[in-house]
């Protein structure tokens, strides 16, 4: 067979090829449907967040617009919904947050450093790693049991019973595995070359760690840590078991430091309380307090995002 | 012989630097030990009281109809049924949305869209569960569910399940996306090179290759749903007691909400007819169920990581 | 308008085939096919003209023009970073899958512009198959790997087994795997996996098979088997192969294109085509001193 050599033959062949390669509008209909299905599922998750915010602002509007300053500065009031506020909840949450951070961050980062930089695959390191993974999946309310028995009762000499310190220790135990896991990932992401270069000029392990590796990993570690504190801020269940006050607390004339060892409550616990009370006014309080906590969560997430972008990786 | 010799001492690091280095090592080791200590304490805490409950409770106390701990009626079956129903409803909400978002983000989304979507999902993940509980009773039940059902209890398991589902979406999405992104690019190219369209590649190659990771995401999500406390406590009327009730349009407490209710009154409950101990028994049950599921999920994820 | 265009194009094609007429026939290219005994009659499958390829702002390849002929093996050789793989991936629009990748200039496939807006890249890839650098079988059974492509084009179930067997025989794998078709492809050796990938590519009966350094991840024995296979396959398929193994190009190919790295006017690195000719000419009597330096091992 001689091949198409006349210009006319070639033109016909070209036209045929072109036709066969042509985009057909119906060809990928199932694929387009699939894509839009995925987009709608993704949109569902995002839209939900929007609806949540709108509903909360709408339901809490009477409080947010009518008596915002009183709502933010008043304590819990059992008698009247119109007088109830979230001040003690905010103070409690901040205090618990500080206590949680103080206990969890050093231990969490140190554990991650041990796992990545020191452990040489021995049984102990493997046990720690498996243990941390399993702890991360333990429901928060189970940590409440730990707090109730160990921090409130057994260690009451240190915690003074149902106090901010006991609550902070409980939440610290809860977020510890999350901090370890994100810090391990951050440290593993530091290129091996940086370690080798530092050892190559005669640095000790501690020097390599404190001057090279930690500065390189700090942004990811901070991001993970801050996000885990956001989670602690939203937790109510373990605090309820540890005995966060569900009624009015009298701080008396104790100063800020003394309140660490007195009765305490927290913002999510207050929201739970508002939600439990019957009546429109209490619902409005619950919604308004939800808006307050959502704003706090948003701020913390914003901080995490800031850390992530501020120290963008250089490699 | 004229040779410069170096003594062993000269090759040693200055003692101060050495000390600091080994001190640091012991500090880090100690911190790791703390995580083991926490596990040990959790198990010790739960086990001792749970054992007291298990050894002292009479068989007929477990076979009552409904959960009334203060009256010595410990029908754990009711709580488990409610936990299972709510967890299943939550999976019906969370699995399609979580998997769908993960597939969209890993296979379709432009990097710019991803950069916006990831922090948004993180934000979703940090919405406090009490807020979702409030959302369930102020929106899901009165605005949404009341349109579909003429008779639905204000506190109901369906709304609680939907609320828990919304909470679990970002968790499932994030684990699934990791699994999908772990599928080598090679395989997508091989499929595209054979003339497969994007959806075909996703459905016939990427998803099957990531299937075990997606299963792990669902298992871990289910475990989280089982362990979720506040949404259920607020939205499904987690009072101290629960009647046996199979309809999801009715209220009912779960293992977790029963624990929260017992915890709210720990002072009054203590010493009262095993009620206090039942709190720990429920905790033990919850701990074992979630531990088994999480270990399974982690095992699957690790297998998958080793494969590629 | 379109008509005249076509005529112009075909006229140019004819002219090109005439130019490539050359009295010597590569002794390494032994084919039973009569049409190849007379190169002037060789049909042009790809006609590349003034092609530039970019990744974002980076120009990976600049100003390449060459032709690929039917039922021949065309090899692209050159040092790493010279853009030869990028170039290969332009032929089935595989680079479309990379964010920010684009081309300027034209590639005509059987006269039709591959980058025309009307062209569906998926249709292109059905006709122009690809074998990759690293064996990349799907995590499925051996049978399902080969059946993947035919299933996409809607082949009937009853014909599937026959097509799979034919493709596996054609890629010289049948005897080794016929008893374990339902076993995972991951259980095969590297060389077997690569032959499976070839079987998978030819199961859809493509017109052209593109191969991107198909032996670079294999040991010498497996490499020899693949080379043998490629030489057999060229009677049925047009093959374009990227390799950095010069002996491989010399042994198997009919035409060879040598690419190199050049500095463009802005001082940044870009790949360029140095020389394109019959394999024998490239290896025995290259025109360009850079080609000579490379093939004699002084550079690269």
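First chain written, first letter: the chains are A, B and C, and each begins at residue 1.
Keep this in mind: a residue touches a chain if its C-beta (ideal position, glycine included) is under 8 Å from a C-beta of that chain, and two chains touch if they have at least 3 such contacts.
Given the structure is predicted, the values throughout are model-derived calculations rather than measurements.
With every chain reduced to the mean of its CA atoms, the largest distance from subunit B is reached by C. For the criterion of most C-beta pairs in contact, the winning chain pair is A-B.
Inter-chain centre distance (subunit B to subunit C, centres taken as mean C-alpha positions): 50 Å. Subunit A and subunit B have CA centres that are 14 Å apart. Each of residues 122-123, 127 in subunit C touches at least two other chains.
Shared contact sites, meaning residues of subunit B that touch two or more other chains, fall at 197, 200. Listed for subunit A are residues 28, each touching two or more other chains. Residue ranges of subunit A in contact with subunit C, taken from their complex: 2-5, 7, 10-11, 13-15, 17-18, 20-24, 27-28.
Subunit C makes touch with subunit A in their complex at residues 3, 6-7, 9-11, 13-14, 35, 41, 43, 70, 109-114, 116, 118-120, 122-124, 127. Taken together, the subunit B residues at the contact with subunit C in this complex read 110-111, 184, 186-197, 200, 204-205, 208-209, 307. Taken together, the subunit C residues at the contact with subunit B in this complex read 92, 94, 97, 99, 122-123, 125-127, 129-130, 132, 134, 136-140, 148-149, 152-153, 197, 200-201, 204.
Interface residues of subunit B facing subunit A in the complex, by the touch rule stated above, are 13, 17-18, 20-21, 23-25, 27-32, 34-36, 38-39, 41-42, 45-46, 49, 96-101, 103-105, 108, 117, 119-124, 126-135, 137-139, 166, 169-170, 173, 197-200, 202-203, 220, 223-224, 226-230, 233-234, 256, 259-260, 263-264, 266, 279-280, 283, 286-287, 290-291, 293-295, 297-298.
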